[in-house]
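What follows is a set of structures for review.
Both complexes below contain subunit A, partnered by subunit B and then by subunit C.
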Partner chain A sequence: MEKRIFDNPADPSLDRVDGRVKVTGKATYSAEYAVPNLAHAVLVTSTIAKGVITGIDAEKANSAPGVLAVISHLNAPKVPGWGSAAQPAERAPIGTSFRVFYDHFVYFDGQPVAMVVADTHERAVYAASLLKITYQSEKHRTHFEANVQQAIVPLNVQRNKTSPFADYDRGEKGQVEAHIEAEYTIPTQHHQPMEPHAIVAVWEAEDKLTVYDKNQGVKSAQGQLAQAFKIPRENVRVIAKYIGGAFGSGIRVWPHTIAAVLAAKHVGRPVKLVLGREQMFTSVGYRPYTVQKLTIGASKNGKLTSITHEGIGQTSAYEEHLERTILASRSLYACPHVSTRYRLLSLDVNTPTWMRGPGDATGMFALESAMDEMAFALNIDPLDFRIKNYAELDQERNLPWSAKSLKECYVLGAEKFGWKNRKLEPKSMQKDGVLVGYGMASSLYGFHRHPSKARAVMQADGSVIVQSATMDIGPGTGTAMTRIAAKVLGIHAKMVRFDLGDSALPDAPGQNGSSTIPSVGSAVHDVCVALRDRLIEMAFEMPGFATKEKSQVVVRNGQVLASMADTNGVSFGDILKHHHRNELEISAESKSGPERDQYSMYSFGCHFVEVEVSPFTGEVHVTRVVTCADVGTIINYKTARSQSIGGIVGGIGMALMEESAMDHRYGRYVTSDFSSYHIPVHADIPPIEVYYIDKPDVHVNPIGSKGLGEIAIVGVAAAVANAVFHATGKRIRQLPITPDKLI
Partner chain B sequence: MANDHPDDQKDDMHDPAHEDRRFFLKQSVAFAGLSLAAPHWPLAGTDPDDVPIGNAEKVKLSLTINGAKKRLTVDPRMTLLDVLRENLGLNGTKKGCDFGQCGACTVHVNGQRTLSCLTFAVMQHSRKVETVESLAKGKVLHPLQEAFIKHDGFQCGYCTPGQLMSAVSCIREGQAGSAQEVREYMSGNLCRCGAYPNIVDAILEVKSKGLKV
Partner chain C sequence: MKPFQYLRPKTIREAISMAAEDPDARYIAGGTNLIDLMKRGIVSPSKLIDINHLPLKKIEHKGDRIHIGALALNSEVAQNKLVTVRQPLLVKALLAGASGQLRNMATVGGNLLQRTRCSYFYDTALPCNKREPGSGCSAKEGINRTHAIFFYGNETPSCIAVHPSDMCVALAALDTAVVVTGPNGERRLMMKDLHRLSTAQPELDTYLAPGELITSIEVLDNVFDKHNHYLKVRDRASYAFALVSVAAALRMEEGKIWDARVALGGVAHKPWRYWAIELMLKGKEPSEALFREVADHELKSATASGQNAFKIKMTSNAIVAALKTAAGIS
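Coming up: the complex of A and B.
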């Protein structure tokens, strides 16, 4: 194994750099910015799933104490980027982002239709209760199965024949000696981060906007707001330094954000809006309801001969949301014949969005369940079956992997878990009267590296400020970046300050698609290398250094040293002082090169899960988890491990409890809070063991590190379902695996 | 309501001092109950449009917050959580659900862990409220704060203040005897990032070291 460059016993993990502010309650989240003269807004949402608003009686609300405005499509300021509503108004064609307070149409239940702004939150809530909104309903369609015949090839694909979601067929079907065919269903699931989405919107001037908004990309939010309000990009500032979880819910600028900005314009005061927990089901997106059909063929000796993967995902009536559902089946295993089909079903619901492990968490539940079914049909150990069909190259693109240590993950995970103790026969293991099952699944997620910029400013005291408009929704971005900077510059982590979450900082992608470390980590690396090299050059302009051999020079403990053996170098501070500089600033941009076309790049991993199932109540308890990942270099083991654990916890929720259930008579979610939408609690989660291969992928970027956030959850639901099958002999193909399905 | 609290301390809340605080509180709390209930659950025989508001929006009360006595004038519809966050700038206590289901708003009232979103501020008159801001003494962190950092018992940090306040109680209540017990008695505090195993490790370490919480 290569040398562990970042995390080893001699140089252990950093504690979270923002740990202290978070445990003392001093971290400032979006709703907590103390802006003078702040007004409070409450969102009012539709109570029908489809139709038109026929009237808004705001008289009582307007005359309630403290009310500053009741805003709706009748009186909202125009959003210049949207143009004027057609007269007579027409329903938005598919492909139109929802335009809040634009016209009288209702596209889904829970749609924002009005907003009450008052001087206090309590007054706004009370006044909102006085609002009388009348509708003319139309027949809505929200039931997936009842309407599934109307699923179509996405318009996006129809218009773009090279779309990855186009129908895909590879190779010839070999001899099929055994086959399985099964249908898997994932219900709508919601991110539900602990912090509800919130915004404080401040118009600093007629054409100058500052928002403190919960989102996952300050730069993309800045762009979207500038476009909507037709003001220069640099006049919009988006600040999101602390984000109370998001998991994908903050990738887009949602209608409520625009609504708050409109309200601030309308009342001429800064406005704060915090979504109620129930509004978190329809004001932001969700993991879409998806039905998948898998057909797998194999030879008797356990070689795959054919995989057919069809997926139908739910979307809204006004926008298409596509995700990777069927894509993993093309590349994860070696298989001569692969076909995939992807369809979308438009319903009268709000648009879904990416949720942790988008598409792959969904698709891999189906693929990895089906692989388990196939292994069972062949009477082969499910892990052996996967190893027999290990893909040594990416057959989809016919390219070598940039790096793939999935086999090492399998071996390491199996050993740590004690997979060898698994009896092949389902329902064959018991303990104290409960059924015990072992299940496993693979994980993968594509590598994403986006162009990123970073700035590093060396201070007179030798400390450095590194900045980039990246985000931290929880994984510990600042900690990892601090580690990279400290490592490259040869200084203690305490001498580094990393700034993020502000659109005024150098360009960086949003935090999504496991792209932060690969993209921004590379930029931070590159800018610190440039800063280090500049400091070395400046040292060589100093007396005593000019005669030294440049190739021998190292930086260590905040000094430039003539060689590794040198103990008496020149400190960074002295270099600046000698050159009469108070600070030294360097900027850099980092992006992918031609390697993207030469290699297929993925993160890989696998999960091993033990469950106990009560034979009487059907209650499932996950009792042990071992997860192993190959994501290249681990930058900071402590925070990486937490991210892996978090993915497992999310996957357990996905597998066993999460379901946004709808009453289709009204097209309305009946799960509207944490008492009805269940997420894992302390008592649901056992100890979780995390292992990494920690070997740099030298082809992907200068730090050799790939994304971790998504593969942490991808496959977990299948591993749980496979363990439940092993415990009970019952194959549950419809998540969540609730007791009623097992008894 | 007001009878719950001993009224023997000098009433220094009002200026001018002619008001009868006991009467004032009784009346206001009654109004608060009406004005809150009316929009959603109309009382039998009550016209929901005929709700007393106006001067009932201001109630005076005192709370001891993190050791300091505060005299406040609040809208009786304000939860303790909103008073902490909106009126006192104590944003450490988080609003996660406003329904008492997530634990992010956990504070201590007279030493008991309490969901501050489920209690009106006026109901806590004269009581002692402690928030996450009270845990550290100056620059010295509370042992549980140290342990949360050491064990990485959080990611986004939003549930963390509530987890910490519950963790303090969990140990004080004698419910931190084993990992299983900690998991059971911490289950009212949700964490969507999934830091649960690390939180349990942090609590067990503080408990096993016998550190004062």
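Coming up: the complex of A and C.
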């Protein structure tokens, strides 16, 4: 690990490398690729939650102007990878997708049941409205509480006893002098990125496919499409260079993507499909409805003696979805006795998926609310209570942390926020007739580093193109990678171009689980180190350099210099020229080593929130947020700060307004647009102060950097709920905290 | 979207005759609601009669009224000097509505005629008496957190949706007249007579006759300009329809209330003016106790449907808070 090489005052953050093309409309998003001879598809979705399709009357639609095809299970081309076996009747383990247009069964409301393809979008929409689909309904189950008795141990756990989701018990209960037990509910929440999911599917040949598809992992999508259509991987190209937000909705290849590829095959033309906003509620997953029970025991002096965390999550009838809901309770605090239980409840809904801070954002709402309740019961400051129970090692794995500066986060955050001004008693702080509350919560998220490849190509002019099939769903991946490459190579960022979002580039994981900087950042670092070293070697083959001391050599301003003091070295361009090279290409792969088994690796953080609550209307306004994170090295402060702010905005939405309400008589969402599914607007968001510890974690990877995307949101909902309790004395255990719950 | 014909009349008369010819034709101004309704398949006009170029944008002072053209944009009205100085309650209500972008498109006439945002109304797969009379009201036993608590007399409502406008709540409080022109000439309706209750024909929101076009509104001028408040309780700070809203306006002299106007939004099928409160306030000294008394009196006639039970207490609280702010007492 080199010493801190990234952001510092003398070397300020880069602006977003793609900022200008994005704000000037020059960035091409999936739906915007102007492919010749493009046809337009519109999905038609089911209006029942369970049953069978008994008829599709497509006569009027087929004869509407411009219509090329009406596709359904009756006539859809076969997906060769699915074989002829029937869709599994029973729930299947995670990763077994719903098979679109496969048979006449309906598994959830909003399921794609037909598709109209026409020469224009408007004609496709009109023809779709003429389609008459009849169903035979069966009794459906969508209501969580009414069916919760049927929750079971996940099949994934039944088949794999070493699954992290298996029942967990550690230690003996210490003396319980204080005790709380509470149940917490989070409703279904949807990602709803600004850009709807969209795909342009092009069959270049019988066995050659190109898709411009909104997703979070071009390599993963490439693999899934190759498998589904039984064509060689290299014959599938997936391009997703710009993404208008995703938050997890683009991790998988969803049925609509397969549907568009099928449609393109069926009509023999490229096909574009853009999901409608209401279709986004049933097509690309969601954060599952989850009920959790927390039981915490402590000694009188505030030491935890026992934590029991039980979680039941919702999944579909045809597939399991598991997430980390109960896992944080095993590691976050020092506690002799911890038990966790995780169950799944299958309902007649589509499969949930990972949504920013998956599982942990849900679980930490419960754990960090319960910790606040325990602190109140003990009459201890909630921050002091957490510090008293600080985990110096990971008791779950009985391993030291690779690095942990959570205590420093607590201290810094508390100081910047002014936590010392908090009065212990709830409902004791007021300002101009409104109730004021301070709340806080911790945050953590596991470290993920996946094998990643990168290629660096030095050009004759000394500029470099760095490439990896990684993604940018918003955090500024290209900017961070540019900075890493520029730093390692000792060149100006303008001399670096970073390419991503194309499956033809070197292998990289999708953008999820806060893994991009740890994984791809390492690969970019390593490939640039290799390129730098190669350039140095090549410099030593040049006259004038042969006698120099190799250990003294440095790169700076696009030159190899004999020493730090040297001002006149040999430029990269001259090195290539001397060797008669137009370019110099190096590839590298980067992955974890044995350190994975030696340390427990997490990102940490904490959030401090001030709220004002109107005693008359129950409206909650978040008036201040201070967040502090320990994620190792910060590569680019400016974009990191934006990422933290985005996570907190998401957390405020989760806490105060996001709820997908379903009418269970029909098994159908009634909040299916932005006017009824509320996410925060600017007026809801206060000043947000962001701080980082910025100490490299020397054990995780060569850049000492851990993930930031998830911990930005994990814990925020609890911090808001805790602040609301402090303001009002009312503990809201069922999100979102809407005004009706506080009057 | 069903194909439609686009027409652009040159005069008001031409517009009205186009509309009178075809019952499926619709006027379009800002389109902030109509386009949504068309995209979701709730309405499928045969013709869109674009009235944006008609001379109906003027805001002027005439006699004891401010006349506001039906095509004046919500944002223009909210920034108009005459209105901001002489009728600030209307400005407050306008600025509480929608978002900046929507207010830049939406017109006064369109705001008066916007349709409910009940989710069932917008979902063609589910029953809704307003969209399809006789099919039933899904909200009555469904997701009805945002629905109505005030109904007319003892009749069973066929629709429990609420009128979504903020502007209309202030206009109801301010005894506004609505000027309409139709095939049979011009007429004026008071705000209370424009919108319907949901009893017999829930598909109809107003008493406008086919082809009639709102041309202007006439608002009380320079009355209640000192003591007024528009309080909107909502799930987020902007771009959210009211859970409950209150337009409160008082005329005070020597510490007493001489005249009062109170109208509510988000609680009924139409902007809800309740005259009893106004009478009870007259001649009294403002106090929280008085406001609570009149508010609770109002709430005796409220009926909840399930998830919206909280609205009864919230409405009472909101009336008290709005009247306190209007009266300037803490």
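By our rule, the second predicted complex is superposed on the first by the 727 of 743 C-alpha atoms of A that agree within 3 Å, B and C clash if a C-alpha of one lies under 4 Å from a C-alpha of the other, contacts with A are read in each partner's own complex, and residues count from 1 in each chain.
Everything that follows uses one rule, which is that contacts are C-beta pairs under 8 Å (C-beta built on N, C-alpha and C of every residue); 3 or more make two chains touch, one makes a residue touch a chain.
The shown structure was predicted, so the numbers you read here are calculated from the model rather than taken from an experiment.
Counting the residues of subunit A that each partner touches, subunit B and subunit C differ, and the larger count belongs to B.
Residue contacts after overlaying the shared chain place A:L378 against neither subunit B nor subunit C.
Of the two partner chains placed around the shared chain by superposition, subunit B and subunit C are both touched by A:S129.
Residue contacts after overlaying the shared chain place A:A683 against subunit B and subunit C alike. Of the two partner chains placed by superposition, only subunit C is touched by A:T617; subunit B is not. In the superposition on chain A, A:A719 contacts neither subunit B nor subunit C.
Of the two partner chains placed around the shared chain by superposition, neither subunit B nor subunit C is touched by A:I575. Of the two partner chains, subunit C is the only one that A:A661 touches; subunit B does not reach it.
In the overlay built on the shared chain, the residue A:S675 is in contact with subunit B and with subunit C.
Once the two complexes are overlaid on the shared chain, A:T738 sits against subunit C while remaining clear of subunit B. Touched by subunit B in one complex and by subunit C in the other are residues 122, 125-126, 129, 673, 675, 680-683 of subunit A.
Those residues of subunit A lying in contact with subunit B across their complex are 15-16, 18-29, 31-32, 34, 60, 64-65, 120-123, 125-126, 129-130, 191-196, 242-247, 274, 276-277, 473-476, 638-639, 641-643, 645-650, 673-675, 679-683, 685-688.
If you check the complex, the residues on subunit C that touch subunit A are 1-3, 41, 99, 117, 119-120, 122-123, 125-126, 138, 141-143, 145, 231, 233-241, 243, 310-311, 313-314, 317-318, 320-321, 330.
The part of subunit A that touches subunit C in the complex is made up of residues 47, 122, 125-126, 129, 433, 614, 616-619, 621, 656-657, 661-663, 665-666, 668, 670-673, 675-676, 678, 680-684, 738-740, 743. Interface residues of subunit B facing subunit A in the complex, by the touch rule stated above, are 35, 39-40, 49, 53-54, 57, 75, 77-78, 82, 85-86, 89-99, 101-102, 104, 131-133, 135-136, 141, 145, 148-150, 152, 154-161, 164, 179, 182-184, 186-200.
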